[in-house]
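Two complexes are shown next, each including subunit A; its partner changes from subunit B in the first to subunit C in the second.
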Partner chain A sequence: MTVARSLFIPLVLFLVIAFLIGPFLIIVAASFSAGETLAFPPQGFSLRWIAKVFTVESFRASFGMSMFLAIGGTLAALVLGIPASYALSRYKLPGAEIVRTIVSAPIIVPGIIVGLALLRYIVVPFQIGITLALFMAHTALILPYAVRVVSASLENLRSDIEEAAVLLGSSRLGAFFRVVMPNIRGGILSAFILGFVTSFNQVPVSLFLSGPGVRTMPIDMIAYMEIVFDPSVAALSSLLALMSIGIVFAAERFLGFSRYV
Partner chain B sequence: MFQNRAEALALALPAAIFAAAVFLVPVVILLSDGFRNPAGGWTISAYIDFFSSPLNQAVFLRTLKLGALVTVVSAVIGYAAAFAIVNLEPGMKGKVTGLVVLPLMISPVARTYAWIVILGRTGIVNQAFQALGISDVPLRILFSETAIFIGLLQLFLPLMIISLISALENMPKDAVPAARVLGANWFQVFWKVILPLTKEGLVVGGTLVFTGCLTAYITPAILGGSKVLMLETLMYQQVSVSNNFVAASVIAFILIVMSFAANILLKRVATARNKQRRAAA
Partner chain C sequence: MSDASYLSLQKLTLTYGDSPAVPDLDLDIRKGELIALLGPSGCGKTTTMRAIAGLMPVKSGRVRLDGSDITRVPANKRAVGLVFQSYALFPHLSVYENVAFGLKLKGMRGQELDAKVQSGLKSVGLSNFANRRPAELSGGQQQRVALARSMVMEPKVLLLDEPLSNLDARLRLEMRTELQRVQKETGVTMIFVTHDQAEALALADRIVVMKSGKIEQIGSPEDIYNRPTSSFVADFVGFENIFPLENGKLKTSGGLINLSSQPPSAAGLAWRPRMVTLGIGPFRGTVRGTSFAGDSREYLLDTPIGPIKAEVEASQPAYALGAELVFDLPAEKAAPLARFA
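And now, the complex of A and B:
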């Protein structure tokens, strides 16, 4: 191997990873700045911006809203998606392909279109509240992920064990809860995490559905940074990234999350 | 396989009805708006209006251009990076792949925000340029196509690298050494061996990157500002500033046609590969 080639691999990797991770490290560094404006290199060291994040009223409200949408929307998507995945993988379902296409379509259509369509033809005509509309939009958005991940883990589970349970006198429902559910637990948790992260970071769907006082976390961050150029959005970004990386790492460590995604 | 149809429908219908009511029906109505003639019947005049505006033409072409450019550049960088990663020892490979995937878990707002610090008037790039004497006045990098390009590339490069890593790993291990032994230079090895054998991975990655660029909102909104628009930001502006829902419907239709076209291409390549596998088996 020539010197040129042995240098090639580390150099390429260094440049690519610097490009992918570097900007985020700058944000993390900037959030410890003591200065008044967002800048790199940071001016001095302080925790004031990290502390400020917790005192901004709109951040608290929008964080609560995003948590509600991410957890509630994912649970709702699972309640709809698990039975649908089960029907798709275990039954001869008439129109199975149509059902599959409909439930997984929200992933293909750009979020901004879903948000606008929902606003114009559901929210306005039926006088639905913004929070409920956001909840419906996020549920629809997470549904494709829920069906995909749960279907994948159902496919990996042999169906004859539940048929055996039914033959031995269990009801179909009993077989599902006692035999199938324990076996696809990991898949369900993976779907939950994927749905949570997707919903929490989602912007375009929520764009038109955010009203005065009702904003999701990322939209509130964009609105804040358009007005104030201090490091608090950097501090908030660092904290949120820590949260999602922590969740995904814990999931990978305890569940082997990446097997399902 | 259970045969009970009523049970199957009872399980599957709630999800299907929910998705149809919340998503499918509203989106179809929205898309039909652009074809509706105010005087009754159907027309494509909204599309003619849309494309006869030089501003809209510029936005449409810019979206295509940035999408294509980001896809091509991410493919070039992606091959180099994926090739380097595949050739690492197993322990390192997992760690480096983890670093490549890591940005996908971070909010796109945070990832885009970082570029303001880097590319802004008092940002790192301008500080460096002035310190090195390349420029006396701060350059205007933010709110330009360049800024959007950089932001989109950073956002979607991981998807390309991951697709190419799995394609390169599925390649027969001795294909490259064999070509080398037979006298091919590195350019020929790439063009005649690696590229044909990893074509599917490239198409999967390329489709993900291209549709990602088409439908990205945050990056053009933050790094392009209100002047340098892409289709998504134009659509937002048409609704929130001009209240022009017909134009918004036209843009929505264009975006959907473009993402569907990319997805159909993806499916076609995937089925072609399955057929090949079946033929081989």
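And now, the complex of A and C:
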């Protein structure tokens, strides 16, 4: 009885961790396989699939596209989102709730619907190029995260420090850059990381908007797997995971990222 | 500009949306004066301060400072300092950088800046804390940083919104002395807001008592303490027994009452507990409550004219709970009130 009980919690814990980390470990293990097909357990050990990732032309192109969308889209979302968050949190605006809802919509509405809607009602009628369409879509998708996270850090910041700055001779705008921005930079960084990861992992919207020669990384990986079933996709996944971990680790190390999320 | 109106509020009206917070305020303040703005919470003290600082739009009326009309001058060009109730220190900057903030905006650099910041920190006793962040300071120390940050700017007027209310009792006393010292040393014109009459009485050259956005009485601490002109001020400064007068008679819950001597002509009379005489007099009462306060004893009396609070020296014979006694409200000791609200 007591033995059974004392084993219960560790067992549940083990299962949860196995379920969360297990698939990831399998992918990592598979990346080092010496065999020709994606399989587990890996056949032998080699770095050949890791090396191959860097030679696949389409991977390089789609990685570049995804990086551009993730960084550019997040920056654009912050440029729009920071002033929006500021206005929402500092002024009692009529219709603020509506703006908040609209801004949050992309989190609630399934991506596949957003993608279809963008394609049908914006991209096709206005003849927008694929890259621009993807950029706009990713910006829109990241915006809610930017507004939410930045708003949260603005809520925690007293507004009277801006008035204090003004009374010490600063203009209103100057006060924003001198005392608001430095105090919400953790929130901005968190929003950046969330936005970056969201954009990088985005599939449904990108699926609709990708076109000839322009693909994001995940879309390209799916396309690759439909044709070639070798472990290089696993190797690529491991490398991407390593990149994400590196970013979060660096952010935590240098800026105490976890305080803001 | 006359000497008596270095800072002058003329028919100042301030509103939040349509609701008037401060209607038609007139106030003149001399250069170098230490003014206390005293009133209960919600009476418009903060609103008035914010208008003087330029953080609050003026609906109508004018604010004049040092000979010029500053009603429409933006807050960052007014040379008015404000120490916020919450201190409003910049959390991302060190104590040193907080104090240097305004000076740098003025274009001060290098040695001059450093000397100025150091002397500012020294004057509030925080030289050893220059590199700390505000979060690493106690409330009292944060308060001092806020004071130094405003003072180094050499404002024409320094406003302090409830500067002592967030401090514990001991620090409050210390900070009170500090404020007085800084004011005397620099001669800066200072207005501080408080809802604590003891603080106002102890610190101010002049006290402005506010009620519902209007000035109820202006006067020296002695005036306010001894000669309140309205029932509101009397109540605020500790007159516990306050009655309206009607045709020379005291109007009480027990009807119109004749006093033992002829009262002055006024709208009302007010007695502090220690102005009530026990043991002789025309009124009867029952001791309902009693408390010993070292030098004195306080009694709460149940009487036909309503509850009366009395205070007598502890050396006098004590009355027990439930004891019947006689007492007097001597008209000549009472503060005559011109207005009864």
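In the analysis below, the second predicted complex is superposed on the first by the 260 of 261 C-alpha atoms of A that agree within 3 Å, B and C clash if a C-alpha of one lies under 4 Å from a C-alpha of the other, contacts with A are read in each partner's own complex, and residues count from 1 in each chain.
Keep this in mind: contacts are C-beta pairs under 8 Å (C-beta built on N, C-alpha and C of every residue); 3 or more make two chains touch, one makes a residue touch a chain.
What you are looking at is a predicted structure, and each value in this text was computed from that prediction instead of being measured.
Which of the two partners, first being subunit B and second being subunit C, lies in contact with A:Val103: first, second, both, or neither?
In the superposition, A:Val103 contacts subunit B only.
Could you tell me if A:Leu116 is touching subunit B, subunit C, both of them or neither one (first, second, both, neither)?
In the superposition, A:Leu116 contacts subunit B only.
Between subunit B (first) and subunit C (second), which, if any, makes contact with A:Ala223: first, second, both or neither?
A:Ala223 sits against neither subunit B nor subunit C.
Under the stated touch criterion, name the partner, subunit B or subunit C, that contacts more residues in subunit A.
B
Output check: A:Phe40 vs subunit B and subunit C. Expected answer is one of first, second, both, neither. What do you get?
first
By the touch definition at the top of the document, which applies to A:Ile71: first (subunit B), second (subunit C), both, or neither?
Touch partners of A:Ile71: none, neither subunit B nor subunit C.
Now for A:Ile50: first (subunit B), second (subunit C), both, or neither, which partner does it touch?
After superposition on chain A, A:Ile50 lies in contact with neither partner.
Which partner chains sit in contact with A:Ala61 here, subunit B, subunit C, both or neither? Use first/second/both/neither.
Neither partner.
Find the residues of subunit A that appear in the contact set with subunit B and again in the contact set with subunit C.
Dual-contact residues (subunit A): none.
In their shared complex, at which residues does subunit B touch subunit A?
Residues of subunit B touching subunit A: 1-5, 7-9, 11-16, 18-27, 29-30, 77, 80-81, 84-85, 87-88, 96, 99-100, 102-103, 105-111, 113-118, 122-124, 154, 157-158, 161, 214-215, 217-218, 221-222, 232, 235-236, 239-240, 245, 248, 252, 255-256, 259-260, 263.
Which residues of subunit A touch subunit B in their complex?
Residues of subunit A touching subunit B: 8-10, 12-13, 16-17, 19-21, 23-24, 26-27, 30, 38-40, 80-81, 83-84, 86-88, 90-94, 96, 98-99, 102-103, 105-106, 108-114, 116-118, 120-122, 136-137, 139-140, 143, 147, 159, 172, 197, 200-201, 203-204, 207-208, 218, 221-222, 225, 233-234, 237-238, 240-241, 244-245, 248.
What residues on subunit C touch subunit A, complex-wise?
53-55, 75-78, 80-82, 84, 86, 88-92, 101-102, 105-106, 149-150, 153
Within their complex, state which residues of subunit A touch subunit C.
158, 160-161, 163-171, 174, 178-179, 182-183
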